[in-house]
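Presented sequentially are two complexes of chain A, the first with chain B as partner and the second with chain C.
Moving on, here comes the complex of A and B:
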């Protein structure tokens, strides 16, 4: 495809996005407004992540896309194909071989290393949005570090349910300053956000925001002393590879309510199976 | 036995092939041409140009054909194309006072300089299905006459002479560009108008209607509605003066709204403004009503909490490409989030169930 620039966006736009990324890296957890472009895919389908990936990709990069942890879900396939066509970069499904990984809703199980970039697709970047719908108000709350409302919400959860009733997009505090939405990853993934060796970039296209976590940033999931944060997952081993420490998808396998659990990270699961690990449902 | 689903790529390719086939429909029926859509579905073309923010009837017609007549999908195609185009510069402001009008009506004065010109309107058609049209589309030539040479003055100017209406604010600073800067509030009027003119027609219509029914009522008279073509001029740096580079059809609506006075200011009518690409009359009137409602603060009116007064609410939800994208994204897999909710609900129910058993035992 030669009608478009490398990685689709024109250089001017990429420069604008890179400036936003650099600002985001300089102020970890702060949401930087950027002039998001209309992309040839719908808003809400990863346009923020796609713009960030387009701005950081170089011809030498190897690119991986996952959605719900899987490389083969339709939208991951679609985004991977988009960059194959517009940037001609190498693509891979192997986590450690990728230099740029675009993700929706998961952090890979395998720890990332220095030199890798993890790009998150973000639907609603504002962690306070569902407590206060007005952008003008929430920006003020961030600048004044006024996060009482969030603590009240979490406290009300505990008094009503006995637990904090947030299981994904669980809010975190970055370097003791900004409360940040980690995108709708399950809270199981939250502990991986902090102290990560890779650069983490978050792109929200429709909401026109970019934010970032530089390597080895302190990220703490909000909690209370007597109700400490707990990363949770289905209490089963993976049916295919037997892993007991990976996040699992639940599948319904017959019409009598039969279920099985498999790793949501397809690359992790396949690598384990190749290494000879076997779950109870594997052939 | 569970086998991981592979082959998403082939499924997508096949879906696209099927879509193309469905778009073409029955091969025994003649295919629609772009020119046919442009000429015979021109109001659809106009809407796509207005909300796509790109004045190109042929491309809009192509988008409508490609989108199988789904206008929001067509607008999306135009927007995605538009964003890749290089910017050569900005035109001079267009002079709608010099518009060659096809239609020009005022609801506030029975007669006025320039006259009332109905133009090609549905207004007084009886909405009876014309079965003749199903068989034969030939139409007799409509009567015509030479256009009056004089320019057609704006109605609000007559009121302005008397000081009866607020002065239209004069601003020479270049307006912000919604497509090049992130939207941030509070938004000045130029930015609000930019957002409204490309906003979803249905959304703006609903909001305008709500003001008429009492949610921030600002009783609007259509001072003037005009549709016609205006020249687009652009200053060419090498020449040092502006030259005409083309013509666009616009619909402009100026409303005259309720007045309010104070001890220091005598009562005066106020203005709402709508300007939209193409013949898009419903949209232009709606835009003027919503523009007027959003001006409550500068006009010293009360915020009655009506949706049409709330700039953040209106501006962040008026764009149908943003709205449809986010709405439809919930079709994408959410296995992971749903799984985490499942775990949580099971846990909460388990604990609640234990509590109930305990209570029953006590």
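Moving on, here comes the complex of A and C:
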């Protein structure tokens, strides 16, 4: 541990990130620019989330990392190991035992509590980017609350597909002011963003943005009166634990095309199985 | 003087600033909640909490304004040694510290721009007392409502009306702090008649 600064980053960088986090919390949903640092891992591995975690962790924290709901992917394991080594923190896979959870593409099924912090890895923080490539223009659009084009794009989905086809990174409006990209979580997770007891922090490394949702913040998924937002998921129970209310991954289980649906949140699924719940595909 | 300037910083900067930041972050994320901070022993008149906030957030990149009694040789020397923070007037500061009467009027500070509302000052307000009672707070970070002993009401209501522009506040007293971001709506407590009612 003595080969590193605590949590890898130097103190000046942590101060800069901490100041950005505080402004992010003061202006929910607004993207605060920050000077992202090189991290000893590729950008696709969530360097934004890693820098935010490094700025908030204390040695007493218990840290969990999930990648698409799973604790055991290469990405999750390497980030967990990184902070075990550089910050000396305890790690866990159990959602309720973690004080800081770094996540890529999911919100845990189990509701989070007041002592917890959820750190999102964000690839593209700007929800208006696909409409307007120029940062100077999207900044202006946010400052003027010019979100009409965003609604037009969602409505085009409806005329083309009969419903809003956007199923990941579904845009939200925060406290009636800023339109925000919730990171590529499935829209099934969108309703958990609002009124959450935990602090939510979003870090985009390559794009150098930090944004935040304080606890109990109003977060509304964009929709239309005639096409209200729906938090959809595969219409099956989990094959392993039988849960009917969790987000599911579809797995191919044999070479004849056999399929099974299983909770994407592995900790949630395993806890249910331990408690005796059994799905139709469980051994 | 020299000896005083060299002492009173964090003995273990990495972990003590990590702990202090978590207190500050929890305070900013949950307006009206009180949090302990320790590890800093700044010269008078700075409180230990204000000292810890300055050590945790300020450096050569964050010009600061010392208001009233905080603007003294002992504080200058201590901040110069431990943070290197450049001292400026209120209109160019990122942080300001002092008593409420020394810090006001709030019109002196940068409130950010419409495209960069984060480019605004954070005021560290030294308070003779700090309790979770008094003015009623609602908004992001607050489940139903919270209460905090604020030095006044109208200035915070005007600041909130500027949202998403505006100032953010950290209130310090002894070794405790609380915070009030611009997003918080402030109302006078029930029964108070001389102050502006809830808008």
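What we mean here is this: the second predicted complex is superposed on the first by the 283 of 283 C-alpha atoms of A that agree within 3 Å, B and C clash if a C-alpha of one lies under 4 Å from a C-alpha of the other, contacts with A are read in each partner's own complex, and residues count from 1 in each chain.
Simple rule for what comes next: a residue touches a chain if its C-beta (ideal position, glycine included) is under 8 Å from a C-beta of that chain, and two chains touch if they have at least 3 such contacts.
These figures come from a predicted structure and were not determined experimentally.
S.K.: Put the two structures on top of each other at chain A: do chain B and chain C fit, or clash?
M.R.: Chain B/chain C on chain A - fit side by side.
S.K.: Of the two partners chain B and chain C, indicate the one touching more residues belonging to chain A.
M.R.: B
S.K.: Which partner does A:98 contact after superposing on A: first (chain B), second (chain C), both, neither?
M.R.: neither
S.K.: In the overlaid three-chain picture, which partner chain does A:239 touch, first (chain B) or second (chain C), both, or neither?
M.R.: In the superposition, A:239 contacts chain B only.
S.K.: According to the stated criteria, A:196 is in contact with first (chain B), second (chain C), both, or neither; which is it?
M.R.: In the superposition, A:196 contacts neither chain B nor chain C.
S.K.: Which of the two partners, first being chain B and second being chain C, lies in contact with A:180: first, second, both, or neither?
M.R.: Neither partner.
S.K.: For A:27, select first, second, both or neither according to whether it touches chain B, chain C, the two together, or no partner.
M.R.: It touches chain C, and chain B stays clear.
S.K.: Identify the partner contact of A:59: answer first if only chain B is touched, second if only chain C is, both if each is, neither if none is.
M.R.: Only chain C is touched by A:59; chain B is not.
S.K.: Contacts for A:208 in the overlay, against chain B (first) and chain C (second): which applies, first, second, both or neither?
M.R.: A:208 sits against chain B, while chain C stays out of touch.
S.K.: First (chain B), second (chain C), both or neither: which does A:112 touch?
M.R.: Touch status of A:112: no partner.
S.K.: Could you grab the smallest C-alpha gap between chain B and chain C in the overlay, to the nearest Å?
M.R.: Comparing every C-alpha of chain B with every C-alpha of chain C, the smallest gap is 10 Å.
S.K.: Once the two structures are fitted together, what part of chain A is touched by chain B and by chain C alike?
M.R.: Touching chain B and chain C on chain A: residues 33.
S.K.: Taking the touch rule as given, give the residues of chain A at its contact with chain B in the complex, in rising order.
M.R.: Result: residues 4, 10, 33-40, 42-45, 47, 67-69, 72-78, 81, 104-106, 123, 134-136, 161-163, 165, 167-169, 184-188, 206, 208-209, 232-234, 239-240, 247-251, 253, 260, 262, 264, 266, 281, 283 of chain A touch chain B.
S.K.: Chain A touches which residues of chain B in the complex?
M.R.: The touching residues are 1-2, 4-9, 11-12, 76, 79-80, 82-84, 86, 179-186, 312, 316, 321-322, 324-329, 332-337, 339-344, 347-348, 351.
S.K.: Give every residue of chain C touching chain A within the complex, in rising order.
M.R.: Interface residues on chain C, with respect to chain A: 13-15, 17-19, 21-22, 24-26, 28-30, 56-59, 61-62, 94, 114-118, 120, 122, 139-143, 163-164, 168, 181-183.
S.K.: Which part of chain A faces chain C closely enough to touch in the complex?
M.R.: 5-7, 11-12, 14-16, 18-28, 30, 32-33, 55-59, 139-140, 142-144, 175, 177-178, 199, 212-218
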